[in-house]
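Following this line, the structures themselves.
Shared chain: chain A. Partners: chain B in the first complex, chain C in the second.
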Partner chain A sequence: MVNLTIDDKQVTAPKTATIYDAAKLNGIKIPILCHDKKLKPFGACRMCLVEVEQMKGRQIPACTTPVTEGMIIRTSTPDIVKARKMVLELLLLNHPLDCPVCDKSGDCDLQNLTYEYKVNSNRFKDEKFNHEIDYNNPLIERDMNRCVLCGKCARICDEIVSFGALTFIDRGIETKIGCEFDDALNCEFCGSCISVCPVGSLLARPFKHKARFWALTKHTSVCGFCGTGCNLTLGVKDNKVLTTIYDENQGFHKGQLCVRGRFGYQFINSTKRLTTPLVKKNNRLVEASWDEALEIVAARLKGGSDVAALATPRLTNEELALFKKLLLDNVGTKNFDHAAGYAHAALTEGFARSFGASASSATIPDIQKCDFLLVIKTDAYETHPVVGFEINMAVKNNGVKLSILSDKKGKLSKLPDAVTLVHRPGSEVAVLNAIAKTILDEKLADGSAASLSGYAELEQALAAFDADTVAAQSGLAAADIKKLAAEYAAAGKALILFPSGQPYTGHTAELASAVANLAILTGKYGKEGCGVLCLSEKNNSQGAVDMGFFAQDGGMNGLEILEACTNGGVKTLFIAGENPLTSYPDRTKVKAALEAVEFLVVSELFLTETAAMADVVLPVCSFAEKEGTFTSTDRRVQFFKPAIRKGAQTKTDFDVFSSLIKRLGGQAPASPAAQFAEIAAGTAGYQGLSHVSLRNDGAFAAVAMTPALVVPKAAAPIVAEQGKLALVVGSALYHSGTLSQYGEGPMHVCPEGYIEVSRSDAAAGKIAENDLVTVSSATGSVQLKAKVSLRIPAGVAFAPYHFSEAPVNTIWAGQPVTMVTVSK
Partner chain B sequence: MNPITPIINGMAITLKHMFLKPVTLQYPTERPKVAARFRGLHALNVSHDKAKCVACYLCPTVCPAKCITVEAGEDANHDKFATVYEIDMLRCIFCGYCVEACPVDAVRMTGEFELANYKRQDFIYSKERLLEKK
Partner chain C sequence: MSDAVAQQAEEKEPEVDLSIADAVIDKYIDIPGNLMPVLQGVQDEYGYVPRIVADHIAERLNVYPSQIYGVLTFYAQFHLKPRGRFIIRVCVGTACHVQGAPRIVETFFDKLGIGHAETTPDLRFTFEKVACLGACGMAPLAMVNDSTYGGMTVQKVGEIVSDYSQRPLK
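Our next item is the complex of A and B:
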């Protein structure tokens, strides 16, 4: 700590603080325009000038100057005010001043400062800027005439997003922010640049002219797409969510969002939302009253174990717990599951046996605290982009060493000094086992590991995985595997990340245990910056596991339920929010099951292709219309309240389940809060939490671990077939599950499915970018747009699974790797 | 005071007025002359064949009666314009704040004061009805 005087006030500040930080810490406001606490100091605008007595009263920028002992600082002498006014006059000189039509008005730093400093005339005269405005993409408008050259957009895109789409181009008075070759913006559209721009240069086009900033009501919420659990501020007017608003103080991510969180909110107020219950009559779905619909459903639910249910892990913890209660106590069935039954196996089976807990042993903030980071599959960036930002910052700012084990390269591979080991698809467990074997062979294991249960069996089983054999199978070099093992073991704090979810059928319990073995063998878990983090796919995937909403005690799992629908074992199927027809593997099988089942009830926001097959469709609420809690992938339990009123004829899933419980003669908790009290009492790690205690900030639910070494079974190596490509299915950056198809933003930039192939395979098949190609496998064929990409190795292809049009599950039957032919 | 005096005074005033010019207007045959600054029905000013309004939302923001509805759109040249501009005359208090707030001189108040109508719906003046008549 250093002592200094600011405006005659004795204050102290940390040694690393700048004058601006020190002032802010002590409640003294210094105006800024180019400074952002998330970015490195830059000093471009000179709004923050202050006088320091020791520097002979010279005016210096507060945002870049570190404090020193005994500094005497003045922040608002008449001279400084004059200087700041001059800065503003110069900024306004070429500025268009079109506040009446500028969407930033009301939230504009330049406007606010101009008002505050009463700059109502200008001593100088010059022409206004006349830059062409970039309307080339549907999400971000770039009007460089309003730019004040603070550089925040370029810096955030580089420092945090690590895309580097924007930079200063030209020099002197001609300087402006531009893209490559002064071309149109074409990036990952996270909108981070919009969020930090202090003026109206960068604007969100989906919100353009929809409302003025001051007319919006701001509601804090939690993102309803992926498991990162980012916090959101929704801008609401006339009961419609019109935009997301940046709040630099929100969440661990300081207001950063990805393209889905920032631009994917339109599904909430979509005109395609279901508005009334539908009941099938004469083979057509017709509108019905809630009473009628619930009566039919309740009657069908009396079938006991003939009844099965699939729920989406997008429901709240309260809803999932209540649904489970309905099924177990009132219906009398154990057949329920979420995420197709296998997508949670990494947690419910893998981590359960390896760590004795169905949750990850590390948290997202650990990423910034570790020394060494191993990411399995570059897709971790696409599935959890804001976790990706954390990785970017860890590598770029904290010098974390990044190694990636993946079947293709990806954005993370481009980070400084990142090492990507590209193995043959499907061989990740074998490679992880080889790493474990190297750790044992080279005596890199932690001393305590040998005493753990399963050590001897593991050592024996790993004999088959020496680096040379695995290297030959997986297409890696044995030396690289050994080096990775040595680096991981040598790192003080090391963390392993891997994504899981419906498209990642290879990320099973085996993979989870193989990963856990590394952490357990080297003792890198249960400490700060150490552990294994399974990035589960949906916003409440971890919650669904914590609520126990999956097959247990002899209940059928997701895929078994569908099987039983086909062969008559299940007669009534209740699907709450899942869309298996598109998101579960093997469309033909799923379709047959949904057709065969006697009675299908679907509660949904939209008439999805699955809902269209139902006998009863119940219109339910999105996260913006209900209250409850979501548990993020690192087990942060977060509470949110409704941002808008629900439609007159829609109910929350919570209400649906409690009405059904009552119709079946049971008793339901009065409110989500009461249900949460039950959850808190009975769920490991949730003790002491309540809606009230979670109101301001979420809380981590503790994970108690009892480690054990488990032998992970590696799949047999994939045999390459002449003329066929090894297709791996996954997530696209712009989408999450099938829900994002109803968000305009994601659909603007990624409207349809595609298949990514390597350059050499494209050349061999004479395939050019955007060609329509037919992709066929043993189960079927589908037409997809081709993308030719440098990141894909020869012989491999990648396709995202989100799209109802041209669904990839016609060719993908759930194997981690599918052999396909691609032809024009 | 004599109780008769006020009555006599009153009669005197009445008598005097019998010889003065009448102040009553024979409305509707006789029309009042409204002052230039009278605040009657609004009109949207036109320039280059378009409403001048840029849909900045300042008038609905300032309006104390919250009776102005503006919705903005983007035209082919990416310029902002009002797709909806409506004033609910039943709620308007004719304060003129909207005129004062407008940064582009797009709205003014005319001398029009005959605003009676048969249906409530007819008191909602749409953009077309408010556009300055040429």
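Our next item is the complex of A and C:
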């Protein structure tokens, strides 16, 4: 710590702090335009000039000057005020004064400073800029006439997002922020640039001219898309969520969001939302009252074990726990599951066997603390973009060594010194086993590993995974596998990430165990910066596992339930928010099951294609209309309150389940808070948590681990077939599940399904970008737009699964790799 | 997306041979801070930096395409459009100015039919006004590629243009 004096106040600050940081830390405000606490100091705007007694006669930029012992700083002497006023005059010289129509008005740093420093006249004269405004994309408007060249947008796009869409172009007075060859902006549209822009140069187009900033009520919430658990501030007016607002102090991610979080909120106030219960009469869904609908459902739920349920892991912990209670205690069935069963097997089977706990042994903040990061599949960036930002920062700022083991390259492969091992699709478990074998053979294992249960069996089983054999199967070099093993074992703190979820049928329990073995063998778990993090797909995937909402004690899992619907074992199916018709593998089978089941009730936000097949549809609430908790992928339990009132004829799932419990003669907790109290009492790691204790900040639920070594079964190597491509299914960057289809932002930039093929396969099939191609497999065929991509190796194809139009599950029946033909 | 852009660029500039750029990149690939020498090297080879080459460099050096464009537009030494075989530079610095440089410039404009920083359609001449060539004793001064012409007159302008018009383009 360093002692210094700021404005006659004795203060202390960390050695590494700048004058600006030290002042801020001690509640002294220094005005600034070009600084964001997440970015490196830049010193562009000259608003933060201060006087330092030891450097008399000079005006020092506070944001780039480090503090030294005994510094005496004055932040607002008459000279400083005069200098700042001039900086503002110079900025306003070219900046158009169109504040009345500018959406930034009220939230604009330049406007606020102009007001604060009373710059009501300008001694200089110059022309305004006449740059063309970039309206070429539907999400981000770029008006370079308003730009003050603080460079924050270009820096955040490089330092955190690592996309590098924006940069300073040209020179001198002509300098502006632009893209390569001054093109229109075409990036991943995370909107980070908008969040840091101090003026109205970068604006969110969906919010344009919707409301004045000061008319918005700000509600903090938790993002309802992926499992990262980002915190949101929703801007609400007239009971409508109109925008997301940046708050640099929010969450571990400091307000950073991805395209879904920032622009995907429109589903909340979509006109497509269901507004009243629907009941099937004469083969048509007609409007009904809640009483009528619930009465029908309650009568059907008396079926006992021929009732089954599928719930989405987007429900709150309270709702999932209550639903489980309804099914177990009041209906009397064990047949319930979420996310098709296999999608959470990495946690409930893999980690349960390997760590003795169905949760990851590491957290997202560990990414910044490790020395070595192994990412299985580059899709981590696509499934959890904000985790991707954390990886970017870890590599760029902390010098973390990044290795990627994947069936295709991705954005992470472009990070400085990132090593990407591209293996044949489906061979990841074999490769991980070969790494484990190398660790054992080269005596790189931790001394205590040999005493763990399963060591001997593992050692024996790994004999088949010689690096040379696996190299031949996977298309990698044996030396690369061995090098990866050596680097992982040698690293002081090493972390492994892998994605799981509905499209990752390859990422089963086996993959989780194979990954866990590496951490357990080398003793790299349960410590800071070490461990394994399974990136589970949905906002409350981990919560659904923690609540035990999956098949146990002989209950049927998701896929078995559908099977039983077809053969009559299940007569009543309650689907809470899932859309199996699009998201579960093998659409033909799913459709047959939903048609065969006697009675189908769906509670949903929208009339999805699954809901359209139901006998009763119950309109329920989105996360913005209810309260409860979500548990993020790294087991951070976060509480949120409603941001808007729910519709007159919609109910929260919590209310639906508790009315059903009452109708079945049971007793339900009075409120989500009461339900959470029950959860906290009965769930490992949740002890001591309550809605009140979580009100301001989330808390990590502790994970108690009892490690064991398990033999992971590797799938048989994929046999290449002449004229066929190995299709791997996954997530697209802009989407999450099927819900993001109702968010305008994601749909603007990625409106339809596609198939990515390599340049060489495209050339061989004479396929050009955006051609409509027919993709056929053993189970069916679908027409998709082609994308020709550098990141895909020859012989491999990639397709995201989110889209109801042209659903990929017509060709994909749940195998890790599907052989397909692609033709024009 | 950059793939699509690259494809478009390929259609627009089919004559660009990327193997020339590859040879330059190979030479500097392992050196830290290699962007400047690579850009200078490719400009020496192609006479300018074609867009497809810029995108190719971005891909091979793993630098953002935007950043490359930023560098290309920051330094006056880089050119994004094809340049003439003969680059005529006329000094308009103080010494040359008082010795009548404006008239020399005007005459070049007349004879070549192009303005400052422009290139004749046949790619023979590019004309540039420059601030100082460092030989004020020879004012007014002009240069054609590496040859220097001191004590310029209106007459000499005509001689230079007709001389270089006769020379082979390759």
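Operating definition for what follows: the second predicted complex is superposed on the first by the 823 of 824 C-alpha atoms of A that agree within 3 Å, B and C clash if a C-alpha of one lies under 4 Å from a C-alpha of the other, contacts with A are read in each partner's own complex, and residues count from 1 in each chain.
By our rule, a residue touches a chain if its C-beta (ideal position, glycine included) is under 8 Å from a C-beta of that chain, and two chains touch if they have at least 3 such contacts.
Computed from a predicted model, the values in this text were never measured in an experiment.
When the two structures are aligned on the shared chain, A:C179 is found in touch with chain C, with no touch to chain B.
Within the superposed three-chain model, A:A308 lies out of touch with both chain B and chain C [touch as defined at top]. Within the superposed three-chain model, A:A215 lies in touch with chain B and out of touch with chain C [touch as defined at top].
After overlaying the two complexes on the shared chain, residue contacts for A:T167 are found with chain C alone; chain B is out of touch. Once the two complexes are overlaid on the shared chain, A:S789 sits against chain C while remaining clear of chain B. Legend: residue contacts after superposition of the two complexes on their common chain; A:L535 is shown touching neither chain B nor chain C. Looking at the shared chain after the overlay, A:I133 reaches chain B, while chain C stays out of its contact range. Between chain B and chain C, C touches the greater number of residues of chain A.
When both complexes are overlaid on chain A, the residue A:P100 reaches chain B alone and has no touch with chain C.
By the touch criterion defined above, A:V119 reaches neither chain B nor chain C. Common to the chain B and chain C interfaces on chain A is no residue.
Put simply, chain A touches chain B in their complex at residues 99-101, 105, 133, 135, 208-212, 214-215. Looking at the complex, you find that chain A touches chain C at residues 158, 163-171, 178-183, 186, 414, 416, 759, 768-769, 788-790. Partner chain A is touched in their complex by these residues of chain B: 54-58, 61, 72-74, 78-80, 103-104. For chain C in complex with chain A, the residues that touch the partner chain are 1, 3-5, 7, 51, 54-55, 58-59, 62, 64-70, 73-74, 80.
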